[in-house]
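Think of it as A, B, C, D, E, F, G and H in the order they're written, each chain with its own count starting at 1.
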Amino acid sequence: VKIEEEINYDKTRMERCGFPEFIYGENKTFKQLKHVICEIRKAGLAIVVTRLDKEKGEKLTGVFKDAFYDEWARVFYIKTDKKHKSNAKITIVTAGSSDLPVAYEALRTLEACAIPCKLIPDVGVAGIHRLMKHVETLKKCDAIIAVAGMEGALPSVIGGLVSCPVIAVPTSVGYGSSFNGLTAMFAMLNSCASGVTVLNIDNGFGAACAVMRILKTANIHRP
Amino acid sequence: VKIEEEINYDKTRMERCGFPEFIYGENKTFKQLKHVICEIRKAGLAIVVTRLDKEKGEKLTGVFKDAFYDEWARVFYIKTDKKHKSNAKITIVTAGSSDLPVAYEALRTLEACAIPCKLIPDVGVAGIHRLMKHVETLKKCDAIIAVAGMEGALPSVIGGLVSCPVIAVPTSVGYGSSFNGLTAMFAMLNSCASGVTVLNIDNGFGAACAVMRILKTANIHRP
Amino acid sequence: VKIEEEINYDKTRMERCGFPEFIYGENKTFKQLKHVICEIRKAGLAIVVTRLDKEKGEKLTGVFKDAFYDEWARVFYIKTDKKHKSNAKITIVTAGSSDLPVAYEALRTLEACAIPCKLIPDVGVAGIHRLMKHVETLKKCDAIIAVAGMEGALPSVIGGLVSCPVIAVPTSVGYGSSFNGLTAMFAMLNSCASGVTVLNIDNGFGAACAVMRILKTANIHRP
Amino acid sequence: VKIEEEINYDKTRMERCGFPEFIYGENKTFKQLKHVICEIRKAGLAIVVTRLDKEKGEKLTGVFKDAFYDEWARVFYIKTDKKHKSNAKITIVTAGSSDLPVAYEALRTLEACAIPCKLIPDVGVAGIHRLMKHVETLKKCDAIIAVAGMEGALPSVIGGLVSCPVIAVPTSVGYGSSFNGLTAMFAMLNSCASGVTVLNIDNGFGAACAVMRILKTANIHRP
Amino acid sequence: VKIEEEINYDKTRMERCGFPEFIYGENKTFKQLKHVICEIRKAGLAIVVTRLDKEKGEKLTGVFKDAFYDEWARVFYIKTDKKHKSNAKITIVTAGSSDLPVAYEALRTLEACAIPCKLIPDVGVAGIHRLMKHVETLKKCDAIIAVAGMEGALPSVIGGLVSCPVIAVPTSVGYGSSFNGLTAMFAMLNSCASGVTVLNIDNGFGAACAVMRILKTANIHRP
Amino acid sequence: VKIEEEINYDKTRMERCGFPEFIYGENKTFKQLKHVICEIRKAGLAIVVTRLDKEKGEKLTGVFKDAFYDEWARVFYIKTDKKHKSNAKITIVTAGSSDLPVAYEALRTLEACAIPCKLIPDVGVAGIHRLMKHVETLKKCDAIIAVAGMEGALPSVIGGLVSCPVIAVPTSVGYGSSFNGLTAMFAMLNSCASGVTVLNIDNGFGAACAVMRILKTANIHRP
Amino acid sequence: VKIEEEINYDKTRMERCGFPEFIYGENKTFKQLKHVICEIRKAGLAIVVTRLDKEKGEKLTGVFKDAFYDEWARVFYIKTDKKHKSNAKITIVTAGSSDLPVAYEALRTLEACAIPCKLIPDVGVAGIHRLMKHVETLKKCDAIIAVAGMEGALPSVIGGLVSCPVIAVPTSVGYGSSFNGLTAMFAMLNSCASGVTVLNIDNGFGAACAVMRILKTANIHRP
Amino acid sequence: VKIEEEINYDKTRMERCGFPEFIYGENKTFKQLKHVICEIRKAGLAIVVTRLDKEKGEKLTGVFKDAFYDEWARVFYIKTDKKHKSNAKITIVTAGSSDLPVAYEALRTLEACAIPCKLIPDVGVAGIHRLMKHVETLKKCDAIIAVAGMEGALPSVIGGLVSCPVIAVPTSVGYGSSFNGLTAMFAMLNSCASGVTVLNIDNGFGAACAVMRILKTANIHRP
């Protein structure tokens, strides 16, 4: 058995989960990635490789001409064959500009699946007026991804302003007792705004998948 | 100012969030609770008081004749005035029978808001065939609440089987290095099934609210 | 040596620190407490015993006729002999009604030292409009004590609205991954609002002392 | 939208908080920093960029001729236009010489805002006589920033000697069970000297802001 | 005393434990390793050096001509002199392809001791059907090593399917709240499948030794 | 559905795992337990209920006349119908006398399954000669369960003396930084004796199941 | 075997370690304790039972007429037969009066072994002058036991003042982020005073044994 | 003030503590180190700089001709002027060969102070016979420094064999749940061998100082 064949791609996840298996790029060789991308591509599905370093990302875009690599988000992606875009109203909000790479990981995953989304950056709670001027936009969303590091307070404020699902993504932004995002994650899990749900630290990708599960139920879009 | 007036009930949460403010019962006096329940009731909204001990629960059901108190779930509730029930397909699944109190906290919150839900108890992953015979039911759900303690593996298996939102609730069931639910919570946050979202330990109530946010977007039901 | 004499009361703290040594009530016997209170009283200084259980609190108010015992805050106190009250503008703000005991510990300590303060309870960030209607009051303060449990976000929002010192007190309110106040404390230490300072969990008493240090520098009041 | 425009500078913080928004340098590109510094400068406010690496720091001092870069403190700063210096008496004390970079982060932030301060380095508690010879100086301060790593005992000793605010800054100096400053931070939060307040690990910058809040209330200086 | 002689090789471990002392490669110099390998070799025993970097690994294979170095597993090994292979039925199962290096550490250790084993990679619980098609193979094993990172759920599912010993090895695969394998390790220790035993994070080598202890009792093979 | 029917007994575990499903007694009502014991009993299988308090334990032995309740180990059990005892040589070793309840949990589970075992109590490493006089006994075992709290060093010493499987069970015996068994558990997971495997804190029951898995492979006994 | 015989008393510890085996009282029955005390007594050695609750303590002093029970320290002890007292100069210092029970555990253990010691209570670092007036006494000691909770700073200050061994004992005094003594213990382990050694939380008993080991080497006294 | 003058050398520590202030090399510049070494040298005292990297170490030995630099231990040292060596019997024991750098840090510190010591490497508890052959040597020691990583069991075994002080030094040797030495440190703090005292992780230097404090009391040697 060759090593690249030891990646056991889950061929039926699209049918089961409504989105294909995406690839976790860390620790995979260029050969393994190329091999598995080829396999997924035959089905015309969206391809997303997360946490991919620049060197492999650019080497892969050299091979796959319709692919993109977002260096900041460390995401390689090829858009789905399906042409019509979703009309879902999704917004990604970040507390600071340092949270943007995680926000873009979510954004690129959704983009690959033809789900457009709006980005509202840098509206953290220390300048609450910056968030407040977007309230009407937020109230009309189908789902909101709230991305924050440090004390992770943003999802609590948003969760108290809107009725749609609020998906909180803690980031590793901060230092000292931010513990690489742990403080933000715990804060979000203890949100006083009821019904906020939480993902792992820096898991923008997972937030995008959670949105797709919601849209499936809402019958708004299938990627 | 009297102490019972120091509870500052959030009167507009129904409009903002799609469900009224619910009451965290712990540390509140009987007087405070009675006072605030009376206030909410004038609006005909669903009333849910969580983490309420038996003594106060029964005392309150003595006062409010249309109220219920579920001793196991430690929930006091009065159903919404709205008569028509939701036709949403919600299922709550538990890994063990010890996880049932948390499951019932979710169930009672939904019940108060006229959202019926199905309960599938005791289908933990050490006897995977028990879960497998419910797969077809699970595939048809609008949302699933997966409740588990110990190693918290259930949401990962379910998340890989269905396309709807999977809301994971870790419970404090276990001992030693289960750390009162922390291990289950961390496991769920690291789920290899993409798009699973997580709530705080034993937070069945929050899971019910998360479901209501999803149903709002899906336009299936407003409590 | 008798046990009650093994309490080694710090007689010169008033001169050094601007407020007398206060007594940590936990683990002290009634005899020890009575002995030490008598000693402090001779100097006419404010007396504060924190974390005192009801039984000893009431027994002591039986002995000292000008004393008060606040059961909720678990504080026993005798007011300073100095008659004129401070004209400092201090406000204590709490996120929830469950945070009130900690707020009252701060309030009673200040009261014993003739520093009046305003209390704004239950204005947590999930209903941000509740806080917003107090902004003008907050802007005029000399110092604000912000008390919150769960995700501990309140001091960050307040810190971004005012120019005076904001003293954050995390409380043990919450469950699961609130870790008895640890999550709130870490969140406050990572506040994106610059210059917010933090105290130990449930340390309302310490916040009152921090206020007195500030008033000393501001030359507004000496207790 | 260009990336440098995604930094959403908080234009009214000076009015609200008494000091302008300062910039967290980590993870920001040279372009973003240059863009935002230009914007702040128009208002003649103090500019402080913390946690900035040497390469960017020197590149920015090449562009802004009145700027300084302190390599040790990793702070880039431009002094406020206001000419008159504060007459506040601020002292920064460190336990060891390894704590100096954090002390200098505070010092440079205050310097940018025209607040001079005295530095007393290397007076840790294992040689208590070194601190004791500065007691009279410390007693006259308006505020003291006490910086220490390892067991973080310095603020407790100082807090027992003076009546002004003592702002404790734990540093990541130490090894093994110092946990990169966590032990010092916890020690400071548990100080037996009442009214000591604490900041995040290595957060010298935040301590400077806390001082400015105090000076605002004391009406001694507005930067 | 020369430094290479300060490795105090345990000469009688083979007799006592049924396998020789293996070498922990980290922090050892090339000289030390060469010295100790020579010593073991005289007895014709299997030699395994774990956690050995590539440079030293290749240098040693240059010296010992019958040796192998597996770069992925970071294992250097020389096979035992004993010619007959074990007929034990051992399987190593991994949740993801990123867990393979740890699986190979176990595999190479067994190989050095003439115990062949089967490898089933990438059958994590998010695609449970992938595991299910191997159930009959698993049921016939003498022992199974289950390797998983992230939420570490795989050993629980396997433990509920088979009657042989299941040895769980958590890996450091994951990010954020996976805490470099801690979450997986805690999950495995809390497995709802009774009788699953656990090793340290990334300790594939220890799992191989545990298998050898079992085979000793089962009288199937002595390496 | 009645609550006692919500225990979803796993009927085929005996066939799959070689031992029946045992019952975790905590949080279960007397009715639930009686119901489920009746069900298992029809098959003549061994019944073990762990972590059962005295009141329920004695009430159940009142109902089931061939049952035993060990108050110290908190185990209720009924022996398997199978008459012939195993001839396996199993030894349980404890570091201190306070570790005995956990040792007895293992012992009673094995006893219910007709596997006798020897108990060597109180041979902790601070008096190493006490262990050394049992070395010959230990060398002849098929498996050893090593039970220890505090620093958890016992399994390391035993693991270096014998060739059979050593199953380490940390106990919550100790105080302060023993963290209720966590220190012992971590110590065991880091054992320098290769191939020692570990169970959750106080999980004597799980160790017994691990032994049964080993005996299954060794073909010595089926309960 | 009877349960009381399962305590395996270490008969030769006096010869090996210079003090007899002392008894950890927790979890032991009255019968077990009586049995083991009788056994030790035959040799005329000092007897110390730590962490013994009042009920058993008084029951045992009823049986052994020359025994003492210190309720505060929770220590039962019988003095050694050896008549001459040590002339060692040992001092136990505590930071607060709440640390006294731990100090007394050390004191009673030494007393049982005929080693007198001086107690200096309540000289914590927030009133450093209280400690300073004892400096000359401290400088003459053969060993000092420094007992402190909260931030645990006392041993650092003492360690910098004297040349004899300083044995630091953290106590569980404090709340919130004192973590039941963990913060004090970590602070002591990171002491900037070189050569301070540390014991487990609340382990006054262990500190007494450490002193006896030092006196053995110093040839001052053998208990 | 120049930076090198900001090191505030403690000139009277030799008189107070019996050994001079030693230098923590991390984060200090070559200039600072040279400056401070010159100052100490005037008094003819032993000089020890710990945690010094190779580059600075070799540069300093170039300047100070009677100095040594031990690359492995990362210690720079100059021996005391006092010519007569101590006749104390000190032994340093290590569990593994990877623990040697920490052992050498202790050894070099003692050597600088003219205290010779014996080194017994690599006698960890998994091969207990290796330790046992040194028992007679250990019994004659004045103090033993026991150095171990991983499960940190060595000091417990030694503490049970000897009557002299046993100073336990945990090392960061290990991986996964060894947590860089934390597990070893906790294990040592929970030693079942009474009177073992503990130092911070990898703090060989501190152990040497603890030995010197003991020798001072024993009147055996003054460095």
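The criterion applied here is as follows: a contact is a pair of C-beta atoms (placed from the backbone, for glycine too) under 8 Å apart; a residue touches a chain by one contact, two chains touch by 3 or more.
Since the structure is predicted, the reported quantities are computational estimates derived from the model, not experimental observations.
Q: List every chain that touches both subunit B and subunit G.
A: The shared contacts of subunit B and subunit G, listed by label, come to C, F.
Q: Using only Cα atoms to place each chain's centre, name the chain farthest from subunit D.
A: The chain farthest from subunit D, judged by C-alpha centres, is F.
Q: Are the interface residues of subunit A and subunit E largely the same numbers on each copy, more than half shared, or largely different?
A: different
Q: Going by residue numbers, if over half of the contact pairs line up, that's a repeat, so tell me which of A-C, A-E or G-H repeats E-H.
A: That interface is repeated by A-E.
Q: For subunit A versus subunit G, what separation do you get between their C-alpha means, in angstrom?
A: 57
Q: When the centre of a chain is set as the mean of its C-alpha atoms, what distance in Å lies between subunit C and subunit F?
A: Each chain's C-alpha centroid was found; their separation is 50 Å.
Q: Distance from the CA centroid of subunit D to that of subunit H, rounded to the nearest Å?
A: Spacing between the chain centres: roughly 36 Å.
Q: Indicate the whole-number Å distance between the mean C-alpha point of subunit C and the mean C-alpha point of subunit H.
A: The mean C-alpha positions of subunit C and subunit H differ by 45 Å.
Q: Residue numbers in subunit F touching 2 or more other chains?
A: 13, 96, 126-127, 159-161, 176-178, 182, 185, 189-190, 193-194, 200
Q: Provide the full list of chain pairs in touch.
A: A-B, A-C, A-D, A-E, B-C, B-E, B-F, C-D, C-G, D-G, D-H, E-F, E-H, F-G, F-H, G-H
Q: Given the complex with subunit H, which residues does subunit G contribute to the contact?
A: Residues 13, 16-19, 22, 142-143, 159-167, 185, 189-190, 193-200, 205-206, 208-214, 216-219.
Q: Inside the complex, what are the residues of subunit H that reach subunit D?
A: For this pair, the touching residues of subunit H are 3, 6-8, 10, 12-13, 21, 24, 26-28, 32, 51, 170, 172, 180-182, 185, 200-203.
Q: Which of the residues in subunit E come into contact with subunit A in the complex?
A: 72, 96-98, 100, 121-123, 126-127, 129-130, 173, 175-178
Q: Please output the residues of subunit E touching subunit B within their complex, sorted ascending.
A: Interface residues on the subunit E side: 95-96, 124-128, 150-153, 156-157, 159-161, 174, 176-179, 182-184, 186-194.
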